[in-house]
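What follows is a set of structures to go through.
Each of the two complexes below includes chain A, the first together with chain B, the second together with chain C.
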Partner chain A sequence: MTQPATADPEAPVPTDQLPASAAGARGATARVLGRLADSPEIGIILAVIAAFVVFTAINPLFSSVSELQDPLGIDLAGFGILAVGEALTIITGGIDLSVGSLTALFVVLSAWFNTTEHIPVFFTIVLTVGAGALWGLWHGFLITRLGIAPFVATLVTFIFAVGADEAIAPNPIPIHSSVFLAVTGNTVAKIPIAVLVFVVIAIAVWFFLERTYMGRQLYAIGGNREAARLAGIKIDRRVVLAYMISGACAGVVGIIEASRLTSGTADSVSGWELIAIASAVIGGVSLIGGQGRIIGVVAGAALLVVLRDGLVAVNVNAYYQSMVVGVVLLVALVTDRLRVKRLERTGSRRIARRAASDSPAGAAGKSP
Partner chain B sequence: MMADPTDAASETQEGNVSRSALADRETNPGSEARGGTPDSQTLLSLRGISKHFGPVTALDGVDLDVPSGRVTALIGDNGAGKSTLIKVIAGIHEADHGEIFWSGERVQIRTPHEATLLGVATVYQDLALCDNLDIVANMFLGLETISHGMLDETPMELKARETLTSLSVTSVRSIRQPVGSLSGGQRQSVAVARAVMGDAKLVIMDEPTAALGVSQTAMVLDLIQRLAAGGIAVIVISHNLNDVFAVADRVAILHLGRLVSSGPASDYDRQSAVEIMTTGALSGRENGAREAAARA
Partner chain C sequence: MRTTRKLAQADLTVASSVDAGEQSVLFTGIRKSYGPAVVLDVDELALPFGQVVGLVGENGAGKSTMMGSMAGSVRPEDGSIRIAGQGLPLGDPLQAQELGVAMVSQEFPLVGQLSVAENLLLGRRASTHRVIVDRRAMNAAARGMLARVGLDVSPRRRVDSLSVAQRQLIELAKALGRSPHVLILDEPTSALGPAESQHVLELARKVAEEGGLVIFVGHRLNEVRDVSDRIVVMRNGRVVADLAPGEATEQRLVREMVGEELASAPPIGEPSSDGVVAFQADGLEAEGLGPLDLAVHAGEVLGIAGLMGSGRSRLLHVIMGARPSTGGQMRLGGRQYSPRSAADAVTAGIGLVPEDRKGQALLADAPIRWNVTLAALRRLAWHRLVIVGRTERRAGTEIVARARVRTRSIELPARSLSGGNQQRMIFGRWMAVRPKLLLLDEPTRGVDVGAKAEIYRLIEEERQEGMAILVVSSELEELFSICHRIIVLRRGRIAAELHRSEFSKERVIGAAAIEQGVA
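This part shows the complex of A and B:
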């Protein structure tokens, strides 16, 4: 009845030749390059570069330092931070529709804290980001405790916040604090502070997802919730954390936009939740959950920002901008599907080849 | 009524670096003698286990002994209580009545975490693997090795490879391969490797060969026998009596929540097993099936 396992036709390579990423530094560079070539993100990164080159060719000012700082840099900071937070919720298999209108609310709220209530800038930032995290906690409560679908739970906030910002500030609240305005107005080594904030957040979330057990468990929850439950993962806590980070990101972007507008103006941003979701999806985050990486999300946000601002720089009518973004989203989705299908066909051969090429560096001396 | 399995990882989250390897078990006294010798060491004893779900009696006074180094097949028709029984052992359901003895000591198993601490590992029917994660990540899901707050991949990879090698699982190409790209038998192997990695003394497998092809089934049955040969007590639930008689040292038959017959697998044949599964007794004799089968 029983046969040796190696009789399996799909079993050509013995276990002791398996590669380990516990390899030396020699193998690491080659593996990073190999992974990048295989990764879904490479196409998006190339598209960003191509779009940037084309727009610069048409309008050389597009790549000038001032243009790179604002609007490009600060747009990227805003969209990028929202997209990174959004990606966490999508990876768990959920979605956060509220980040756009929450950002609009926090634009007004932070100006109200700082100007009307005379709260120092530091505490204004703490209060605004904290309010975002608390709002995320509320979403997490609705989703994990009451079992409300993430789409609906965050839609409620979306609708509520659209009205709330106008209620707080029927008229724009001007911001006078120079420290507040420095968030977008000042630069360090020619890089706007808001962009530095974005870089720090992106690296922190990347680290969280790739290097911590909680991040890995987020992928597990999005991939197979039942398996995650049976593995003893505290699913509710992880999901709540994802929505809290997403909410806090909306708080950060609220500060950045208020600083840029120099006032708390109602309805200052709209539709940004869709840009955040689109950035994540273009960057390879699957709406089913469990898939996607921060490098892709950042590249997705960069592509949307370059297209948006590039089309303005080359004087394309505003109508066409949205249409172009829609087409790009479609192309990204179709390309991703084609890539997945191609991988399904050739994937096993490719993995075998990579395993073979890795084994000298990876397995030698490490095999038991 | 139902325990919260999310408690299970609370204490196992950190510090799982040093788990003794499967190789340690090769020296276990249970490994050389297979085939139901009566003096084999009893690991788990259930006495009078009952479980009700509202008005429904799922288990009614079940007595069962599970020896180390043996494969015990738990068989029965649909609704006989097989799944409920293993969930009681795995700590997912708590028994309403009855006693559980582990190596002769009375124990309580109220949560999956308590079961894991005792050394009970369960491989679920739906395999409970994340297709989007690789083999190492799946094997260490909820049990990740941490160093300075970061995932420490090197010991996890070494441990994963060591465990797979000790189970003679040689057919995976890369331990960094996503589980979604594996065959059914390979997935089952990963699930088993995950189960035994954590110092399991009892491995429960729910329909391990369901939905597998012939060669994959052979691979999994081979794996089950190797587990038992390593001194681990194995409980296998299966509908497939061919598989049961291929690997089982002992057979326990449930019928409508009662354990109606149990004994060495050699006391049964397909016909007697089916008759007891469907009618609860052999030739109309309640609880006398073992003697009857031995005589037959």
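This part shows the complex of A and C:
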């Protein structure tokens, strides 16, 4: 295996070669930092930090441990888990509008399982998350077998579930189980259990997307469906899987919210599907499909949570919050477009340079 | 019949005793190139009104580009087009329409979800009201238009419930509905049966007799000769002959289309293991295809020639499981093979390099590495699940080197590559899998000469390794230089099978384009 023609005329960056020693001189840390600096998510991460610092400066209590645990931590767990599931469906070129109202439904359903039906907490969790996955299976069926557009297929659920939670629980169903309440009430090393659940889910989905062949296939399906099909990818199964994971995530968030509210209350959450979609988009997931990374989605969710809770902490009126979130979304989208355009204009020079130093082909060229 | 035509024409010329230049479509110095390839270069061509002009040439001769220039869908770099003395702004479809140019081709497809009437009247106001659609008036108007092309379907039917032939006639009705001065018919009969074709030819004559200019682009030479007052032959973007029907024998047309160039065939090795059949189809049938029998041997390159719409790509898609077969059997490596999806085909050991690279093969924004490992990824994965970065990079680098994709890094997005490199990259995607049978659909479309040679070399290398290869190509030189055998399709069936010693353009085009028997 030789270096594939470093001096080739067709090479995209023929004149801008890196000096042979430069890459070697850079340490591993520097390389990680460099990679981070080049990554599309860096802007969002910096924005999260900046927002956090500003809110703390105005109201020092904002960064106190109790505040970080709840609401910040638990909000992040809820939005983050929904956003991570949502991102999978968007990466396949679809969308899942149902996660918000499904979460509301599962808040009620889990309380009903546990309190009314006396099902132990463990099985309540299994049943609720399983119901979410099943619901995702149903979405996948509508989308892949009947060819219904994802937007419409999940919109049906959205509308249905808004009514369903009130039908199940016209009055709030109180939760008494201490184990159930521990999901948000207890901490491990000062970290709420819900946040740990979120971390585990985020890492698992990251691994699935970036380190398994099925995750790669999701990107391929969103990037060019026909190409994916002709390359032998079982498109229907992968798409169904994405919606199942998204539905299961709604189940998990339903448990978390029920635990936090200590009851199954109808209409407990609303509009969360939009927050999940916004988190994904702010984090660099393309609505066309085929692009986006979990780190970005998590950063996007973190930014929205910090803004939401931060504005409360500094006593900004509630109706400004939505406006601020809207503006942030706009800024994120515009910045991302500008970044992409600049990259296209400069012939993705930086990416090329980084790629040349990362890949074995480039490495072979550097240390003969 | 021909005498009456001549008379009608004479009348017309007398009746409108205007300057000849005012009564024609005049092309002057029209040039169009894509990158380094000049696809159209016509110094001067005058096409008078009141005639049907046949336009013939091989695929890629520049016919569609020239017609597209007139209809405004292609913008030439240079030159002018005058219609009845009026200059036509180049690359402006709306202006072309206003000057009376209408084109029937696959480029302006019908809207499947709309009704026949809605499609026919799309973009035009059917009623006197501005906003409200008067369905009754619309359907009545549509019925009149349908009657003109002799199509008996309800105007209310959805277009996607109609057959390809019916749609083709609706396209024609739509074009005629604009009462065009210039009517361009780009292979209007390719999907039609004999009776319908005849009707279309009569319609073309009628439009010409009413004083319009009809440009009839066709591949079936007998049809073109039947309908045309003169026949223009194009080759390599130029007009090479302008013949009266009397002088345009089929042999003459084929000779002009092919030109004097020799089919130079670089040596290819003989099929290595003769006798071992890699893939076999018996009585294979699908919509618009077959029944047909064919067999490809390991280490053999079998070419498939035929006109557009003859079922070439369709055959590949049926083998790939991307289109259902309706009858017959297939065997792959001696085993029964009946794919229900492309995934089945890949699992069984078949790969496809599709015709439309951008639309059907490329992950443009993804790194080259993703593109080359896409089909083999599961095999490369640890426990068939987890992608190990190092393994994937090594495999990717190796494939890129073997497929001679020139890039600085396999991490660059695929769109950073030139067309030829992209094509080799897609080829590499299958080299990584090593299928028993590789299907190539127009493997060198849109790549330059040097890149072509490299792709031929890759094909030859894989063949030597024992892969069976099925190639569809519109370029006969290409098939001649890389294939051991060629089958010629016409209307979904095998019209001829030629061995290497029998390869000649006359034979292939004869079998593909001439209705009666094999040349």
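Basically, the second predicted complex is superposed on the first by the 319 of 368 C-alpha atoms of A that agree within 3 Å, B and C clash if a C-alpha of one lies under 4 Å from a C-alpha of the other, contacts with A are read in each partner's own complex, and residues count from 1 in each chain.
By our rule, a contact is a pair of C-beta atoms (placed from the backbone, for glycine too) under 8 Å apart; a residue touches a chain by one contact, two chains touch by 3 or more.
Note that the structure is a prediction, hence the values are computed from the model and not measured.
In the superposed model, A:N59 lies in contact with neither chain B nor chain C. Contacts of A:Q217 after superposition on the shared chain: both chain B and chain C are touched.
When the two complexes are overlaid on their common chain A, residue A:T187 makes contact with neither chain B nor chain C. When the two structures are aligned on the shared chain, A:G290 is found in touch with chain B and with chain C. In the superposition on chain A, A:K234 makes contact with both chain B and chain C.
Taken together, the two complexes place residues 1-2, 4-6, 8, 10-13, 211-213, 216-217, 219-220, 223-224, 226-234, 290-291, 347-348, 351-352, 354-355 of chain A in contact with chain B and also with chain C.
On the side of chain A, the complex with chain B involves touching residues 1-16, 18-22, 211-213, 216-217, 219-220, 222-224, 226-236, 290-291, 347-348, 351-352, 354-355, 366-368.
Across the complex, chain C is touched by residues 1-2, 4-6, 8, 10-13, 210-214, 216-217, 219-220, 223-224, 226-234, 290-291, 347-348, 351-352, 354-356, 358-362 of chain A. Interface residues of chain B, counted against chain A in their complex, comprise 5-10, 12-13, 112-113, 116, 124, 126-133, 137-138, 141-144, 146, 149-151, 153-154, 157-158, 161-162, 164-165, 168-177, 181, 183, 185-186, 215-216, 218-219, 221-223, 225, 246.
Against chain A, the residues of chain C that register as touching in their complex are 320, 322, 341-343, 345-347, 352, 354, 359-367, 369-370, 374-375, 377-378, 381, 384-387, 393-394, 397-398, 400-401, 405-413, 416-418, 421, 429.
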